[in-house]
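Listed after this line are the structures, all set down as structure tokens.
In the two complexes below, chain A is the common chain; its partner is chain B in one and chain C in the other.
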Partner chain A sequence: MSAFRRHRAAWLLALPLLVFLTVLFVIPVGQIMLLGLFPKGEGPTFALFEEVLADPFYHRVAIRTLRIALLTTLLSLVLAYPVALHLRNVGSRWQSAIVLIMVSPLLTSVVVRTLAWVVLLSNRGILNQAFGAIGLPPMRMIYVEGAVVVGLTHVFFGYMVVSLMTSIRRIDENLYAAAANLGASRLRQHLEITLPLSLPGVLAGSVLVFILAASAYATPSLLGGLRISMLAVEVFNQAITYFNWPEAAVISTGLFVLIAAVVWIATRVAEGGRRKVIFQ
Partner chain B sequence: MNALRFEKWALGIWTSLISIFMLGPLAIMFAISLTSNGYISLPTEGVSLRWYADMLRQRVFLDAAMNSIVLALQATLTATVLGTLAAIAVTRYRFPGRGLILLLAGAPLFVPLVMTGLAILIFFSTLGIGGPAIRLYVAHVCLTVPYMVRMVAIALAGFDWNQELAARNLGASPLRAFVEVTLPQIMPGVIAGAAFAFIISFDDVGVSIFVTGAAYKTLPVELYAFAAFDLTPMIAALAVTMIVFSAVFVLLIERFFGVQRVLAGEAQTAPRRDGDG
Partner chain C sequence: MTSHAQFPPASTTDYLTLDVVTKRYGGKAVVKGVSLSVARGEVLTILGPSGCGKTTTLKMIAGFLEPDDGSVSVDGARVDKLSSHQRGAAMVFQNYALFPHMTVRRNVAFGLRMQRKPAAEIAREVDAMLARVRLSEFAERYPRELSGGQQQRVALARALIIRPKILLLDEPFSSLDAKLRKQLRSEFLEIHRNFGITSVFVTHDLEEAFAISDRVAVMNTGVLEQFGSPTEIFSRPRTRFVADFVGHKNIFTGEAVASADGGSVLAADGLSIRLPAAASGEVDVSIPVHRVRVSRTALDTGNAFRGDVETVAYLGPVVQTTVLVGATRIESYLSASPELETLRSGDKVEIGWDVEDAVVIPGAGPA
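And then the complex of A and B:
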């Protein structure tokens, strides 16, 4: 029997998906990556890439994108870690309920959850109305980077909690008893047991939140306004507002490469760290 | 022992505070939708349902909601069929190209949503075929099919294929063996996957905003356009309605599969849901 005939059933089952995604996803994405190299139908040329890379405006946007994505990742990590620890202490019913609360923003539309923040933070929004009622001056809380970071943290928090939870749950309870018997304080137990053993979850959650935050579109455009633009917002502006597809294609390719690079470095560093732990 | 008790208390209080952070904005949205005032405010002057009534009179939103539901059904159905077949292929057989199919099935999750949206826009425009309806449909199948493959694959992980062989030995056709033996057992995974796919499609902005046309808009895109200029309590009422609608599907997933499992499986193998934030 030939290789194909032997595996005919498997190939036939996978074929519809294979064809659909190849023709309608892989080829279009490949096409826009090429569009940057052949902006006017001739080339290949890196002229457009060089133009974008040399533009100080895009430098600012790219650096802001990285900064906002990193801050969002850090904030989610710090806020979510105690929640993930708490999930270990409660019964399964409470656990499901808490997880549902944590992922609730994730399961409602991005417009809805971002709108809720607009309503809270805007200049005549609920918080400023409350400040006014107790005699405080209004504060500017929207169209600043902080608003975008808070909005993104709110949305992607659930991923961080679930990632941390899956690795914290695997830690053997006996390790703590052993450490306590040997006289380790609770703080030391956390530093030497919980923290190192939860690192895979920390990495998985951080990478995930970083990717999502760096490619976010709706939250930065509603909470950041025109001033706090991010790369994904610029892709939209170039493509739809200015109708400049080649430039939009170049920016989106840049965003993709930037994210891939950061994820690659993070995974490398984590692997290096793990090797050190094993061989020390 | 005291340190341990203190820790438990502190973690509990922390978790409560975070829960307020998570639910607070949505709760305030609900309060605003009930205001009797003519502007965004808490219902200080009394509670009224006028904004819900107002919402039901808005043709634009009703049409958009209808578009969204039809689109989500079409995309979910397609993703369910394509995804389930592919998931069976990769869990049941070991064959050359299996890795490629797994990679391909996860690929839409690794590409930023705006890139997918832009790619489909440019692809169809260059070819000069298809209106917004077909573009949205293609985009939403790409968006949802990775989850479908993953969830059916998880559901199939514990399945004993010998059961299907037994049915075949007893004279059942391959189709009948699948429908009567395999399918009922993986149904929870399929239903949960379909519910998840429906929510993702119904809620999406990041990809849709590139491929909608003036004549064919989805509800989140319409809401987004409206929200940027003209924020009224009616928008809050609409948002609350969307939350309730999604919640039904979330409960369906929780009942059949467990939301934790969906997201945890995802966290380990590949990033991202409706990732545009």
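And then the complex of A and C:
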């Protein structure tokens, strides 16, 4: 109670947001989750949960969702790391310009961006026309998992850059000078200093991109089509197409649990053991 | 005896030499033709106000910057094209730059790991080094869990374990309070005695420079104003800047005329001051505060004036007095005595000093 007293002003300032979140987020989300427990207005029963959990179709979709989200996270990480590293060395004017370019996909609608990929990748799209012009056979580049991963990476890459940049920029320049002074090559400096000290940014960016990718709807439905469905797409199908709200609620709950579990494990692993000191 | 090689014993030959070193940034010289040298095992301090080029000079010794002109030599060999690691210059940074994600042991082991030494050998050497700097019990701690003094010892141990030829320290105490500074200063001196390594120290703190150095280089606006032992620099400042910087208070500027007895007389601020040596033209003269005597009775000093006591401050063993002679203020800093203790502001006194005590400042010129 004394802690509350001491921080009363802070609590009061946070109150509007707390009310907002409770009314507009916690209650509706909780209601949707409860919907799965009371499928026909009676219950509670786990019958629908058992049904969905036993369905091989949902197994495939869940595993695909995890795989696509994971690949998107890894691809974003691999692409964003060099950019964030480079941003350390450029002047502040260039820095803001590059960050703006990186974040610019976030400024347009997901649908517009994804339709651009459709134009690029579809069977008679720009890339396949170009292949045809140089005598190559057309390739299937849309409605495959790769297309979804590329599309999602494009959309969420900016979050990764910004997360990485904040932690990489915080690293004291003198640490590099000290390492060089002790005989570390440029590569060793990055392996010994940049990599471990950027872990908080890696974790934050990865968690962010993973959550966004795993729950994405627009990009997988446009670039994956019916063949490459993901859990969020199935939620939409069940709720809107089949008007089966209880099953949509069960899938949403499953997606939520899946994401929470992955994020929890990733956080525990990344912050575990000796690396704890980096996160303090 | 541990596996540690002892650092070579001190000798009087120059070990580290800077020969007319110049550094320019965008056409503007920030270090102008600085020449310095330090003997093996000695401590050299580069002293000056911020922006005087002392850190730039240190970085050129360290190998972080390449001089535009001139050369840097260590043990008779030119090193200014070598990286800091190749030239055997180990640096202790202002904030120590300890690796925050590594334990004390891994921080100290870093240089040896970069040399790809076998793990067992690294462990042995690190243990020996930690024992030498009294950090054995902190080996598994992280830098943030250490006090300032312990962090400094880690930084020194990390630098010394690669057996550098020279140790460079960039204002390592500047961000600390006075008490801690003194403690760390004596810790540094202890480690320096223990390892006997040639060290170059950068500071803007006069007391610090005088307390730890064998030689002091005073810099101002990129120019080496004076280079010598602490006592030389204090008792015979070569320029007006050095005299001011090392705390000379009674500096008179005026026209000197040679006198019949081989000395000369300076006319400054309405006073006629007899000088020990022949001088002519415009000169600066400093009278060290601890040479200026104040008395109610007549003084038999070569220079004596009547004046009024302006302020008296009793600082325990010493008494600080300012006396106005006409409009000229003269400061005195004397051991306490029964007579001085009765002085009050406004008292009429005699103030004076021996002719030999006046320090003629030669002025700008080759240091």
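Side notes on the structure shown:
Note that in this section the second predicted complex is superposed on the first by the 247 of 280 C-alpha atoms of A that agree within 3 Å, B and C clash if a C-alpha of one lies under 4 Å from a C-alpha of the other, contacts with A are read in each partner's own complex, and residues count from 1 in each chain.
Quick note on the criterion: contacts are C-beta pairs under 8 Å (C-beta built on N, C-alpha and C of every residue); 3 or more make two chains touch, one makes a residue touch a chain.
Everything quoted here is computed from the prediction, not taken from an experiment.
Superposition note: with chain A as the common reference, chain B and chain C can be accommodated side by side. Note on chain A: of its two partners chain C and chain B, the one contacting more of its residues is B. Judged by the touch definition given at the top, the superposed model places A:L175 against chain C, while chain B stays out of reach. Of the two partner chains placed around the shared chain by superposition, chain B is the only one that A:A14 touches, whereas chain C remains out of contact. Contacts of A:I63 after superposition: neither chain B nor chain C is touched. Legend: residue contacts after superposition of the two complexes on their common chain; A:L136 is shown touching neither chain B nor chain C. Legend: residue contacts after superposition of the two complexes on their common chain; A:V207 is shown touching chain B, with no touch to chain C. Look at A:S215: by the touch rule set out above, it reaches chain B but stays clear of chain C.
With chain A as the common frame, chain A serves as the apex of an angle whose CA-centre rays point to chain B and chain C; its value is 90 degrees, to a multiple of 10. After superposing the two complexes on chain A, the closest approach between C-alpha atoms of chain B and chain C comes to 8 Å. Contacts from chain B toward chain A in the complex involve residues 3-4, 7-8, 10-12, 14-15, 18-19, 21-23, 25-26, 28-29, 32, 40-42, 81-83, 85-86, 88-90, 92-93, 95-98, 101, 104-105, 107-108, 111-116, 118-123, 126, 138, 141-142, 145, 149, 199, 202-206, 209-210, 220, 223-224, 227-228, 231, 235-236, 239, 242-243, 246-247, 250, 254, 258-260, 263-264, 267-268, 271-277.
Put simply, chain C touches chain A in their complex at residues 62, 64, 83-85, 89-91, 93-95, 97, 99-101, 110-111, 114-115, 142, 144, 158-159, 162.
Listed in rising order, the residues of chain A touching chain B in the complex are 3, 6-7, 9-11, 13-14, 16-18, 20-22, 24-29, 31-32, 35, 79-80, 82-83, 85-86, 89, 95-96, 98-113, 115-120, 122, 124-126, 129, 151-152, 154-159, 162-163, 165-166, 185-186, 204-205, 207-208, 211-222, 232, 235-236, 239-240, 245, 248-249, 252-253, 255-256, 259.
Residues 172, 174-175, 177-184, 188, 192-193, 196-197, 275, 277-278, 280 of chain A are the ones touching chain C in the complex.
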